[in-house]
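Pasting a structure here, questions to come.
Order as written gives the chain letters A, B, C and D; numbering starts at 1 within each chain.
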């Protein structure tokens, strides 16, 4: 029933692809890097972890140049509406590359990871692959593309999570992640199929047009929405789709935990925002439309639940990684607050918050790794008295945690400030969410402070006379991250302005 | 340019302070611990105040003499709703001030001299003089100050110095208790005084006497008259505290823990009289109701403490209670409107009571710190000087004619009688009755004291070893100076004290003779004092006075007083005093515009002689009784005591006031304190921690979420699935799968909710 | 009567729905990790059926393309999954997911 | 100049960061020099301050920064928020009568604090870094005129305090520290929401944009009708006032939010107690006067009676609790609660006398309580206990100490001639003059007696009488029979040593001098206080709405 396309048509198709490729350079470049790393791993012999790590870092940093060049290009829809080039996407491209770089840095620092006999080649390659996937998640404008990029990220993540093969917890985490992820993506896919059925479209802007013009069966639509939400909620790790995250975060190698908690969460948010703002039809002032109200309700519930659950459960944690996992659930809740406002300021706030989250969370995990290198443990009890042995690490960790709580003068405070500004800017509509937000942040102070409490206020029962000095490089990195966290807490104007500049996505009307 | 007398008075005020500063810091470095500094300063101060006295009293001899000076202490700027507002401090010098100034400096000087002998050898000798210095400073401050605020300040400062001096032997717990008791009891009174000040300030935004009087007279007091009465009574409460009036009299007897010179200076002559002086200052704003209240309090105090004094053994305690009782007289006098009589009594009492205390001090000193009269006796032979002066002062206190005490007390009693007549109520006769009764008892217990101490044979040897304690051990308050106990042998070593301690006795005794104050031994009103310190006319419009008249009269005063400008002092005559000037000879007090006051004055004059007869009779009877009991032994005091034991104990234990307060106020507040502290740590804090724990508990629930709730949900799902179909019978679940179940539950749950909504 | 003779949109959808439920059921109840993975396959294929059906009834090739990608991707996922399951078997000596629960709460 | 006084300590902190931890003496001296420099600048500021300029608000039509002094106003952040207009945050500091006194106090107490920190031996480096951070934050709070800036300083204060109590504190320090942290944070997070709400409700008359400037917020005509905290949204304004008030009341601390204070004080080392009681508590009432009341005057007026009642509760409740304490430091802590009650009462009076009394009380309480805690520290250093009943008769053996204690104690119970009296007197005068709070004032005067009661009682138990049998020191007789006492494992000077004297004597002098002639401080307040009262007057409010 389908007649073959004529030569002319094929010509035009090819030319379109060629044209699109010019806008696709960073992704292509990274895919190349992916190959290069595999090959490098094959050709190199002996102690190659350092080389691979530095190669990855250089390669990733190289990407920044290509991404930067994209600023000059106009917003465009590539590959027949599969993919979009817009400021929103570019922001996340920067974001993911930096996340990747930092993840590699942490990995290079993590002795536990490097000490295993299996090589690290695939490891760094997969990190790069994840970067690509996350970039595409942030920029894809078509259900198919969205699904594929999510799977690319997910598959790499499964492998990375289980990378410590001899480590039962690592394997278990991988399994849980896999099963949970597979099912969630299945649900997402099923939801997509229903949406496709309702609209006969896979391009999200077309979908939105269809829905607003021809209407839809609300029952099917809500089912689709819920299934999609299940898929996205699993990516951003929000209650009640969060169950995988504590186990996975605890079991995975710490660098990967950091990477997942920042990178794939951010990617999930990017995708969610694009889907929510573009595919879901909004009336002029944003809230009128029936479907957007359904989404809003769901998002509000999820956000409130995440803030409460994440913060309250974290109080009881004994393992630092697991504690941070729960805190990342809570942070998903705060981020959702920004989306709920459904306006440019809200989006800006989310981007800013993500930027701060990148700094402080990666920083926290980095220090956790540094400490684990010395003590070989991530349990709260083993942090006792470390503050005096590792003052820098202690101070840095405190700064990052304070930033996670959202106290000035740290970047985290600015994130919260912008989020609440966006909320209260809407008048008293979302005041209750704001209240939940600040009250839970008070709770969060308690469990975050447990770490400095153990480090500084308590004395260890074990004798801490071994050498706790850390290398210059890691010290330097720690200091840089810490200083940046504070610096952006005081002079956040450039970041905030860039966030605003980036708060415009293809085919969405944000005001 | 301020008036020269003002400048001099400021010098007088500051000299004792200077002595305090010097001595508190350098007494150890100075020879003789620097007592000469204190004495020298006081000597100078007395000389200057004597000059002031001479100028004001002798040279001007004008009832209305008054110079004032004040300066801005605090500037509150342009206060919204009030306008420019300053808090002023001022000095006023009128006849009363001049007299008080001379009296205070004189007694203080004498006590300084006396102490050089009495306190000799004490390890804190120098500090003692420092404290005397700051006390004198504060007392002079009270005397001189022209505003309620400044008098309140000095009021508290005398409290402090009294605190320091009572606790001079702070190693003794009894002394430490006494000083705390004194300060706190006074504070209670001060609260009242402070509230009174607040009431007045809240109306007029000023603390100055004159402004307040003027405003009240001008009817600017916007609150009800009840408030004004309240203000009067509350201010009087300050006096109740300081002057140890019932019900706050309890601190004064304990204050005898202090060294005896201190008792003489502070707790007999000057500080305790400050209360009366203050009430005198604010006399004009006291409403009739307030005056009634004051009169009753005074009478009650006089009577009560007289009854207590009868049974005390401690020589200083007897004097202390007699002091309370005499203060009661003065207050009663003010209450019945006998302003000048009361203040007159203040003055006379100051001298003879100081004399008595210094005399008792001499005795205690000679008896090696024996204070219990039961073990004294026969001292007249050993200490003739002390005996002579002591007896003169006693007579004055008892109020025998030819003494100063007679004139003043008689004037008060006469006024009391007159007051009762005027008020015409049966209950008001209680006041003079109580007055005369206590006159009787005063005579009795003073007679008893003199006899026990000076006559008969020495009873030192009778003293049992454990005689510190009798029925209630309330008089273990022997002034243990540093010397500690000496042996209580017979009168070996009991001999007259040295000149330095004898001279003050002589001076004070001389000042207890009538001639000093009035040519006519029977009528103090003919004396200079009552002429120069006339009863001022009230500024409170009493109901029966025709408004206009009152306004006119008061207005007259006000014009005069208003012209006492801040910087240059003027002298003015009140319209009341003007027609009076020539006829000062038969002083009926000034004629009053306020009918009530006029009536009172007249009645007082009318009852003059009745009072004389009655009181003389009472005194004679009292002394006679004392002689009958103790000299001739016709009645055995012990037997009588046994016969009326309940009454005796009641009196001996001071009507059990200490016990009552201890049981109610002190224990009560400690109880509340403990209760609240418990409440604080367990309830208030408990709530906070409670919230925290609930959070942690909640957290625990959630932490166990996967374990309990999830499994529960799984079981629920199992049930759900079973009902769905037989195929799903056997269900096996693992962790990760239960997570998925949860997700499904969430999705389906929301879907169900949505369905329900859609149905609606 | 007609609905039994001629096969229409709803039939396909019903099939896919049943398939999806079966998949979910397997995923949630089966002990064996392999079986769970098969359940996942069922879910994915249920979605595929949807895509193809809608593609047929709404016109356009998007659905077909989608399903093709999904099939490929399912294969890749299976590969990764099996690798992980093998690793689990090495460390836990079992493929019973319900026993793999050292991390909880 | 102001920036210098604010950031000097942090500079010192950075220098210390470079000093090796072993060089304790250098570290101490650096901090001391910073504190002294601060003090010198504070005095200079005081000399150059023009007491006629009221401050408080920008007079309509007048200069946008109002009659504040030593103003530094630098644009800090300027963001384009599209529909919300540009978000401008300024580095905007300046002083008026209300803040100048607090600046002086902070400078003074910082010097004292450094001096009394001299005995700290554990982790000296970290201690002084945190200490300097803290003192910068405090100073910043008092001079900040931009709400955002104020909030930043306010929050920065918490962390150093947490560690200073938590690391250098007593046995139960963990609990006290986290309690302090959570409590105050709970108070301040609401402040964040209110701050944002205010930002959306206030427009800077000059730029026409939303602003965080407290000066602009203080004049009611700058509020937008229909904004969430605009003049017409009574409900939200009330709620905002209440949560803000609670936020500040926790710092004061006001019953029933006070329970963190005794714990914090008992656990904190002496210098931190001094800072805490001397300065931090003042931030609560300062915040009320600077932010809470001027921004919501009508709510403030509706709430006068309630504030007054809480003030009275603080006064009497605190006094009673102090009366029951066995631990001297705890007693002093409760006395702080009682004395801050006077401040609240004065603020509730809403007239110049009361406000003046309150502000002056803030200053005096700072100096007096600093003295009290230092004196407690002195005895604790020697006896290693603070149980009031473990002493007795000290006055005979440590006369100088006893003398200073007497001064401090009597200053605390409001003896005329010492500074405490004047402020308390004015509080009462004001509270009584205002018909609203008159009954409350009449109850509160009881505080005068109970205040005297617990102070005199403790004085007696510790210093008077003879050595108690179970006292914390031995009694020894030397050759010529003079008695001496000796504390176990204390071989320093028995009576106060030079360092302690250099801390205590100046404070005593200040207390006495300001008690005799308060105008040097009071003179700077009056203009601002009168302005504040006018601004808060109901007529002024009704004029706007």
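Following the convention adopted for this analysis, contacts are C-beta pairs under 8 Å (C-beta built on N, C-alpha and C of every residue); 3 or more make two chains touch, one makes a residue touch a chain.
Because the structure is predicted, anything quoted here is derived from the model rather than measured.
S.K.: Whose C-alpha centre lies nearest the centre of all protein C-alpha atoms?
M.R.: Taking the mean of C-alpha atoms per chain, the most central one is D.
S.K.: When I count C-beta pairs in contact, which pair ends up with more: B-C or A-D?
M.R.: A-D
S.K.: How many angstrom lie between the centres of chain C and chain D, each centre taken as the mean Cα position?
M.R.: 67
S.K.: As a quick test, compute the distance in whole Å between the mean CA positions of chain B and chain C.
M.R.: Chain B and chain C have C-alpha centres separated by 97 Å.
S.K.: Could you grab the centroid distance between chain A and chain D? Build each centroid from C-alpha atoms only and quote it in angstrom.
M.R.: 44
S.K.: Quick one: chain A and chain C, Cα centre-to-centre, how many Å?
M.R.: The answer is 26 Å.
S.K.: Where in chain D do residues touch two or more of the other chains?
M.R.: 182
S.K.: Give me the residues of chain C that touch two or more other chains.
M.R.: Within chain C, the residues that touch at least two other chains are 24, 27, 36, 97, 100-101, 104-105.
S.K.: Any chance you could list the residues of chain B touching two or more other chains?
M.R.: In chain B, 703, 705-706, 735-737, 740 touch at least two other chains.
S.K.: Can you list every touching chain pair?
M.R.: A-B, A-C, A-D, B-C, B-D
S.K.: Considering only the defined contacts, which chain D positions touch chain A in the complex?
M.R.: Residues 77-84, 87, 123, 126, 151-152, 155-156, 158-159, 162-163, 166-167, 173-174, 177-178, 181-182, 185-186, 189-190, 192-193, 196-197, 199-200, 228, 236 of chain D touch chain A in their complex.
S.K.: Which residues of chain A touch chain B in their complex?
M.R.: Residues 175-176, 179-180, 183-184, 187, 218-219, 222-223, 226-227, 229-230, 234, 240-241, 243-244, 247, 294, 298, 301, 309, 312-317, 443.
S.K.: Quick check: in the complex, which residue numbers of chain A touch chain C?
M.R.: 2, 143-144, 147-148, 151, 155, 158-159, 162, 165-169, 171-176, 178-179, 182-183, 186-187, 189-190, 192-194, 196-197, 200-202, 246-247, 250-251, 316
S.K.: Taking the touch rule as given, give the residues of chain C at its contact with chain B in the complex, in rising order.
M.R.: 24-25, 27-31, 36, 96-101, 104-105
S.K.: Where on chain B is chain A touching in the complex?
M.R.: 695-696, 698-700, 702-703, 705-706, 735-737, 739-740, 742-743, 746-747, 750-751, 754-755, 758
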